[in-house]
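As written, the chain order gives the labels A, B, C and D, with residue 1 at the start of each chain.
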Amino acid sequence: MYSFACDYLEGCHEEVLKALTETNMEQLPGYGTDRYTKEASDEIRTACQDKAATVWFISGGTQTNQLVIDTMLQPYEGVLAARSGHVNVHEAGAIEFSGHKVLVLPSHDGKVAARDVEDYVKNFYNDENHEHMVFPGMVYISHPTEFGTLYSADELKALSKVCRENHLKLYLDGARLGYGLEADGTDVTLPLIAQLTDVFYIGGTKAGALCGEALVFPGGREPSHFITRIKQHGALSAKGRLTGVQFAALFKGNLYGRICRRGIETGMQIRQIFKEAGCSFYIDSPTNQQFVILTNDEIAALKQYVDFSFWEALDETHTVVRFASSWATTDNGIRQLREAVSCCIHRK
Amino acid sequence: MYSFACDYLEGCHEEVLKALTETNMEQLPGYGTDRYTKEASDEIRTACQDKAATVWFISGGTQTNQLVIDTMLQPYEGVLAARSGHVNVHEAGAIEFSGHKVLVLPSHDGKVAARDVEDYVKNFYNDENHEHMVFPGMVYISHPTEFGTLYSADELKALSKVCRENHLKLYLDGARLGYGLEADGTDVTLPLIAQLTDVFYIGGTKAGALCGEALVFPGGREPSHFITRIKQHGALSAKGRLTGVQFAALFKGNLYGRICRRGIETGMQIRQIFKEAGCSFYIDSPTNQQFVILTNDEIAALKQYVDFSFWEALDETHTVVRFASSWATTDNGIRQLREAVSCCIHRK
Amino acid sequence: MYSFACDYLEGCHEEVLKALTETNMEQLPGYGTDRYTKEASDEIRTACQDKAATVWFISGGTQTNQLVIDTMLQPYEGVLAARSGHVNVHEAGAIEFSGHKVLVLPSHDGKVAARDVEDYVKNFYNDENHEHMVFPGMVYISHPTEFGTLYSADELKALSKVCRENHLKLYLDGARLGYGLEADGTDVTLPLIAQLTDVFYIGGTKAGALCGEALVFPGGREPSHFITRIKQHGALSAKGRLTGVQFAALFKGNLYGRICRRGIETGMQIRQIFKEAGCSFYIDSPTNQQFVILTNDEIAALKQYVDFSFWEALDETHTVVRFASSWATTDNGIRQLREAVSCCIHRK
Amino acid sequence: MYSFACDYLEGCHEEVLKALTETNMEQLPGYGTDRYTKEASDEIRTACQDKAATVWFISGGTQTNQLVIDTMLQPYEGVLAARSGHVNVHEAGAIEFSGHKVLVLPSHDGKVAARDVEDYVKNFYNDENHEHMVFPGMVYISHPTEFGTLYSADELKALSKVCRENHLKLYLDGARLGYGLEADGTDVTLPLIAQLTDVFYIGGTKAGALCGEALVFPGGREPSHFITRIKQHGALSAKGRLTGVQFAALFKGNLYGRICRRGIETGMQIRQIFKEAGCSFYIDSPTNQQFVILTNDEIAALKQYVDFSFWEALDETHTVVRFASSWATTDNGIRQLREAVSCCIHRK
């Protein structure tokens, strides 16, 4: 049964697998000192139009979030995030495990508003007891968000401005960044992100790699002794080649962008299928995750043909479900979904 | 230039790569719930002759050490380890990062002696101030050790006995376990380890895999809510398939043993080459790491032909260097070493 | 100028000081093994009608909160608290410093509702991704709350019931417990608290002592190796006599209750003064903290005669301020407040 | 029975108690903002001849050690200490609880040698794998040491020099500092300590106070947001007056020095009593702790007359025991000890 349950169902893109195969028996030094890791870093610096950026490859997203937040914050600082933010909800306390509080902001379709950050900081410093409270030290955003939504360039600029004025770090979690960059109508680019944030990562796991995220510090402003801190967090891979070779392949000739575009195209096809069936959406997502409101009966029927994931109950009879596409979604999969929908959903 | 600098210079074994390639586009669920991870666990349970064992796959060794020690100890407990133990020296404080002290025991060629554990525990509880001290809660050993040495079955049994009598967990770090199991003359087997320890891991990174270690809890006695704690440590891979497929391939038909045997054979060839050249050894290692004492002049000469790693200075003119072989060491590599030695080392 | 700024402005009650003076040169063993600490524990056990309870004396409130939450939770668990709860807002991240997340519940005048706990737990376990989230492991409540409000016996019973049904610990922060127990009309007693909670503390710092809080584990169900964990948190006093002597004095003949009653009586006088002046209250508090809504002009005028503390801005022209009384509030202080109010506040 | 078991058996010095009594009902603001805390800080600055020094009062020694080490180290740094150092042995893992490793140096009668620090640092940075190890960031010393021994001014200067050359912080734990400053023949003074160290504390608990240690940052070089970090560690007292009043009393007219001198005089009397009885000493201590080697029979006999503490077994028949005097040791106590020794110990 074809699955739209998430965007990390397949292994890696065939070009990535080819690169792994071709370099497999080459003897390479460890801990990210190999030439493919250097090549991948160079390609990413170029793509970011930031020659001074430093790039590190970490095996997974939770690891990266914990590492970035812990090493870029002072011990008395916490991270501001939308209530719906991944670090607030779905990291099993990995942020608190390293000693930091997640300070909650309102979620605007998954996004953080510059105005809310400004208010938070102003209220904080106006509070005469603020020395007894956790200092805001960073703003965490995801792009696309957990709801598939995107910041506009203006929204990012406003966030960056308020962060810089208030000495907050701005961290962009790009677990699905490729799908954000390739979405129709977006004006956010990799160089823009490198200009506006203090740190961000380019997700590989959900975008063509077997594993791995590329962590970028624009301008090379990384925490001191960063390699030791990666190791201390248990996040330093002996065979750095594994992520190095993959990201070198992904960023050569912008393979990354091209394959993520496929995720957008199939995402829009999924959207169209449900739109035509008369369904409404929980949120308006321009990326590879589509959140559809279905009746519980429709869900039960559809589940016999295709797989997808539960998001949240809306009321007694309606539920939000998520259909995720990716670089790997096939025409055949889309066809099966179309048939299943036409078979199971009958609206007027 | 052929390198003997460490045992993780190449990618993965061709059979492992083949398995990754063949399963690459298969849609599989995440977080270790895929069928290959189940298959790998089953194969490992069989190899351990322990049907109740639970198996988890973690991406790297430091991660695994931190996770095991933190989750199996009470917060007021520390881990006993040889002074030379990896967790005491080369983990960048990853153990202390999670709140636990490493309690130091003498190193006997890298090994921990049961008698030293017994003395430590006895002295600890005899000390009327022991409630103001860190309680010993676990013994950490590596097999092979950081010096390539091996425990005998009797030594392991003695350790296991003293641990059980004193309610200490026994943890065996098997980063190079395959080379230990395949060494000539060893009487330590996987089922024996499963009987004698509380937890151990079977290293993949240094033994045929691109990444990954198989963490085994004999009898299924793992910490409660273990998956949440893996996530909290940032160590839960979204694409669990990556390690699942690799370990399924490694343990089908004992590929793991067969390829590690290659590391032993080439290790013994390295040993023979230096023995015939009249060199002496820092330590007598029956496994894939050979610690040779060379003059600084010999080292400078050899370095022009083959690569290897510095271990420690012995005196003004002599240094200990390490030559590591592995499953991947080629006949050609050995030949180059032989020629280099015959060219550079002239003893009488 | 007389101050109502908080309830820890003076040293200790004269009877407590007398006990410290009389025992001062007595040689006593350390770390809580002295006879006064034993006596204090016995008196508290009697007051709680719980012979099996264990009692520990900790120097301050933040220390106690961090210690209790960290040692009674599993590492993968967090603590549920009202949004306004002290541990969520004013502990400078001491809870997260020890690795635990504060999970936020609605605040009902500072209180947590049993129904909200039930909903939280139900939603949590219904979420198929809950293993990727922080498990709820404890409910934190304060009594009186940060707003001076009180739980009824029925409310506490409902909370206790939902906690026990769901295997959550119930922790009552009694920084101001004496004022809660002595309030008019309350049906909550010390024995009831000991029956319904898993752990609570009886505040000394705000109720007659120079320092110290008495931490009670009903039924003696304290975390194992608790003394070592107190030490590990840096919270074990060498001269345990300091808190032992004070609490022995406070609980002999219920001095604690009698002096806290003074705080209630003066609190009610403050309330009456503002009521008669036509002021309204931010919240209806039956205890020693009164939250009055004043105009900014009234505040400026009053500040010339008595001291009190800012709570929060209500609108452009009105502010909530807090007047706190205590065991030490004098008739003279009340008189000064009455005169100041009659002089500065003119409503009709 | 008179006790020499430790140096914190009595409450506080009568002058300190008088100050607490006289100020008891004064209304004072919290968290160290009261005028007595300011006065105490001023007196200490004067005593240290360091006008820029900042002073904080912490309730106990473990708390202070954890706080200083955690806040002055970077997260990837550990603290160098003698094997016998309090932070290595008797803090129940409080240092590791906050994430830092104790890096062990040889103990020279409890002291750390500058040469050993130099060697450690040199070896560390020469190790090509040092990025995988815990960086040395601080040297911890105690003065007097756990064995009652003292550094000379030259030894302290050498330590300070090697620390500054290698960017290590130098931290002096002065739990018993008064006894060190008042010892016969010492050339170490408070101003010298302020010149040579980065941080140190002046112990109150063992030297005339009910509780409290005065933490001094020479030159005011304290970690940023220090008050928030104290709170985060659970170490910020609401009633800062308790330590403020005590230290103001202790440092007015050098009461501290005068009463600690009493501990030295009685310590020397203890030494003389055992010397005359023909006993030998485990270590030669010029301060208030005397470590005597007795036969187990002598110990059993003495224990019927006076109390003292076990230190360590020397051989089958001999044990090291500790006799501690203090500011509070009475002539009567010394007389009882003299009689007990003459009654129980018969050497020739």
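Throughout what follows, a residue touches a chain if its C-beta (ideal position, glycine included) is under 8 Å from a C-beta of that chain, and two chains touch if they have at least 3 such contacts.
Owing to the predicted nature of the structure, the values given are computational and were not obtained by experimental measurement.
J.: By the contact definition above, name the pair with the higher C-beta contact count: B-D or A-D.
T.: Between B-D and A-D, the larger count of C-beta pairs in contact belongs to B-D.
J.: Determine, using the mean of C-alpha atoms as each chain's centre, which chain is farthest from subunit A.
T.: D
J.: How many Å are there between the centre of subunit B and the centre of subunit D, using C-alpha atoms for each centre?
T.: Whole-Å distance between the two chain centres: 42.
J.: For subunit A and subunit D, let me know how many angstrom lie between their CA-based centres, rounded off.
T.: The mean C-alpha positions of subunit A and subunit D differ by 51 Å.
J.: Spell out, as numbers or ranges, the residues of subunit B touching 2 or more other chains.
T.: 75-76, 91-93, 97, 99, 131-133, 228-229, 231-232
J.: Can you list the residues on subunit A that touch subunit D in the complex?
T.: 70-71, 74-76, 99, 131-133, 135, 224-225, 227-229, 231-232
J.: State the interface residues of subunit A toward subunit C in the complex, per the touch definition above.
T.: Residues in contact with subunit C: 75-76, 78, 89-93, 96-97, 99-102, 104, 128-129, 131-134, 310.
J.: What part of subunit B is in contact with subunit A in the complex they form?
T.: Where subunit B meets subunit A, its residues are 2-3, 5-6, 8-12, 14, 17, 20-21, 23-30, 59-67, 91-94, 97, 205-206, 210-211, 228-229, 231-239, 241-242, 328.
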